[in-house]
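The next part holds the structures, each set out as structure tokens.
Both complexes shown next keep subunit A, but they swap its partner, so subunit B is in the first and subunit C is in the second.
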Partner chain A sequence: MDYTIATKDHEAQVLMTGRLTFNDHAKLRALIKEMLQNASKRQVLDLSALEFVDSAGIGMLLIAREELSNLDKQFVLRKATGQVKRVLTVAQLGKLITIED
Partner chain B sequence: MVCAWLNKRCEPATQVDGGAMVSYVSESTPAPTTAPALTLDYALLGQWIGFADVQRHTMDVLRVEIERTSTLVEDSTLDLSRRFQDLAISAREQSEHVNLIVGMARFIEIDGNKVPLDELVNSMQTIINEMISNIINLSKNAMTMVYLLDDVQKDVGDLEKYISDIDAINRQTNFLALNATIEANRAGDAGRTFAVVASEVRNLSKNTGDLATRMRSKVTAVVKGVRDGHAILREIANTDMSPQMLAKDQVDKTMECLVNQTNHFQTVLEGTSASSEEMAGVISRMVTGMQFQDLAKQRLEHVADSMTIVTAGLEDLVSRTRATIPEGVDVPFPQEWLDGLLSRFTLSDMRQRFVRRLLMEGTALDEHGILDTVHEESQDGGGDVELF
Partner chain C sequence: MNSGPGPASPSGKDLVGLSRLPVANSPILVVDDIEWNRALIGTLLEETGYTNIRYAVDGADALAKIAASIPDLVILDIMMQGIDGFEVLRRLRANPDYDGLPVLVQTALSGVDDRNRAFDAGTTDLVTKPLERTELLARVAIHLENRSLIRSLQQYRGRLEDELEMARKIFEHMLPTNDTLEKLKATTGLTIRSHMLRSSELGGDIWGTVRTADGRVGIYLLDLAGQGVSAALNVCRLHSLIQEFSGLAGEPARFVSELNRHARELMVLGEHAKMTFGVISPATDCFTYACAATCNPVLLLPGGAAPIFGEAFGLPLGADANAVYEEREFPFPPGASILLHSNAILDAIDETGANFTRPRFSDILTTALTSTDQKSAFPAITVALDAVVGNPPSDDHTLVWVSR
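Up next, the complex of A and B:
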């Protein structure tokens, strides 16, 4: 998994690419740290280029949401497709994290 | 001759061989004085008697045939009615059985309890949702633990480094204490007290070194434990459960298909039940419709009765005519007419009964006009009109 961060319209937009799996846990921790330090109140994770997510990846997204929530920051998942979208739907992640198309 | 049939009598006035002149005489009305002279043709009368005899028998045979046919139709109709009634009962039973299946289709029996299918589907979906929710919580907790142990591992690494730092400091302390001891000895008596302090510092340094060694040993054990635990936890967290989560889609789809199929079966079965019920109704109406046989029977009875009266009239007229003509007048058998009639009887059993009737004046027939066995055996060739 790789990511880039851009700040646009008062929100930080993180474009995530590749596959998000357990092996990316260190990288995701770094991303969470960046998002925590980012000034934007709204952190948007653009999943349009993410091909795959495993159960550890879902766990990490929930950790991110929790950490951001502790700092009163909003965490949004956007434009998920394919397997990622199906997993998010089946996991009913929409009940915990804002999901946008 | 028709007038005679109506209770009038034709009496010969004079008799001539082969032909005669008669005067017309009536019982009810006196003969008009101007009555025309009538020539009585005995040959023709004889021919008529022969013809009328055969006709009388023919009429009788036909009457019996009508009665026979009526009975045949009645028996067959009753038999058909019974079969149709059985069919109607079967159709109703089928409808009841199908209704039973329809009633059961929406339920599944689990441990003796009838659970509605939709309730079962909902409960299974709830279970699967809970399972997925547990998987997600487990993943999140496992990752939290992984991050915590990452930190602990880093802290323990620092701890090892600190122990090494203590060792370095201790080595330096020990070295300083050794130098102090040497310097104290060199100072002689003046340095004796200092030598005791230097020795105590060396002891202290040794103790500190021992403590550092024990700490390193324990810290090494902790580091090993943390690393092993971390490895196991990584393995747990690295077990991808997303395929199991996505299996929910398949389970949902299967359940939906199951419910749809059951609903389809139910609709079809309800249609089948309605068809069976309708069939039973149609069959019942058919049985009612077959009561036409009663009407047909009554009509045929009337026809047969009329034929009996006609036959009796004909017989009476024949006997009276026979009494009128002199002995020796030829009564020819109407072979040609009979041949013509018989040629129309295409049913062999009917033809045989007819021939038998003519041959034996009906003595070989029972009351239903059927040939009895004894005569049946001797009636080979009975259908051959040439016997006459």
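Up next, the complex of A and C:
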């Protein structure tokens, strides 16, 4: 998985590409740290270019949600497709995290 | 350049001295048929602080000493009477016991062809004669360090593999035994079969049965997030929770909700599990189940009807302490079968670029079932799905099959 962060319309937009799996643990930790530190209240993960997420990846999203909410930051998942969309839907993550199309 | 005796250069820093790694006691074998050369190399090494230097007086002696005890480095002369350095190299490299043994060849051969011939024979590195102290010590240090680092990596890797193997045994220990399943069949008439392909990293799948207070059979499939040892720990935690709360198993949604509440307390933030739990009620011909982020159970009715997929939405266990799980129901008449499966199959289908996972999965099942009778339906499905997930799969692949 790779990511880039841009600040637009008062929100931090993180574009994720590739596959988000167990092996991305360190990288995702670093991303969460960046999201905690940047000034935007709203942190958006743009998942349109993410091809695959495994259960460890879902776990990291849950960690991000909790840590951001501790700092009163909003966490949004946007534009998931394919396998990623299926996994988010089946796991009903929409009940815990704002999911936008 | 400091070429005199003694380890320290005039600046007080010896750039070619002993490594900071613990290599001073590494065994080094010096092979030379001229005594004066052996003494020279030995002195340079000893002055630097190497303490475990052995000597061989010719090729045959070198092979015998290496066979008796493999050193960490061989410093080998090429031009020797009898078995020469090339032949020593050839024999060492032909023996897998000496894989990774570094051989530093000292040679007066200065032509490119000669040097290439030495490398072709399996030389790790070369030092030219007449020997230059700095060069020799630098190369000795490099190869001993490599040897030491590779050895510690191998040890670390070996330990990880041992731990993974222990975790694997823990998993296997928690699965129902054939004996349990035979007894279950004898008392309830239910045939339960399973098939598992473990990923090389050890995913987190287990399954099992629970008896409800009124004697019905409950069946679960668990898929722990993550891999290896941490997944194994969480499997143990959930397995004991399942036993502890089995009194609630008659009500699948309540049972799963209770497990979830406790799982949230036991597991570290981010750790979670997927679970399907269902209870078979022969009196009412139905299968009542609840799902936590797992895959849809599949109903296969007798008579070749198309597979029916149940709904499976639900938060994963451990994500939210207050999650509420829904109870769903399947008809489960005699002759029908239910297939529970972990998500490896759907992930594999998605990865092949099929966007409509469920129709594709349905096609695979239908194709597998058309060419077989009821009896061999499970083996046929197993083979068809194995072909999709690959072996070993990238995540644990589990099928549990219940038929009445």
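Keep in mind that, in the parts below, the second predicted complex is superposed on the first by the 101 of 101 C-alpha atoms of A that agree within 3 Å, B and C clash if a C-alpha of one lies under 4 Å from a C-alpha of the other, contacts with A are read in each partner's own complex, and residues count from 1 in each chain.
By definition in this document, a contact is a pair of C-beta atoms (placed from the backbone, for glycine too) under 8 Å apart; a residue touches a chain by one contact, two chains touch by 3 or more.
Computed from a predicted model, the values in this text were never measured in an experiment.
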Combined model on subunit A: subunit C and subunit B, fit or clash: clash
Subunit B versus subunit C as contact partner of A:90, first or second or both or neither: both
Touching partner for A:59 - first (subunit B), second (subunit C), both, neither: both
Partner chain(s) touched by A:99 [first = subunit B, second = subunit C, both, neither]: neither
Contacts of A:29 with subunit B and subunit C, given as first, second, both or neither: first
First (subunit B), second (subunit C), both or neither touched by A:82: second
Candidates 59-67, 293-301, 365-373 or 383-391 of subunit C: the single one with C-alpha clashes against subunit B: 293-301
On subunit A, positions contacted by subunit B and by subunit C: 22, 54-56, 58-60, 62-63, 83, 86-87, 90-93
Interface residues, subunit B side, partner subunit A - complex: 129, 132-133, 135-136, 138-144, 146-147, 150, 234, 237-242, 245-246, 248-249
Subunit C-touching residues of subunit A, taken from the complex the two chains share: 22, 52, 54-56, 58-60, 62-63, 66, 82-83, 86-87, 89-93, 95-96
Residues of subunit A touching subunit B in the complex: 21-23, 25-26, 29, 53-56, 58-60, 62-63, 83, 86-87, 90-93
Subunit C to subunit A touching residues, read off their complex: 201, 204, 223-227, 269-272, 274, 293-295, 312-316, 319-320, 323, 343, 346-347, 350-351, 355, 357, 395
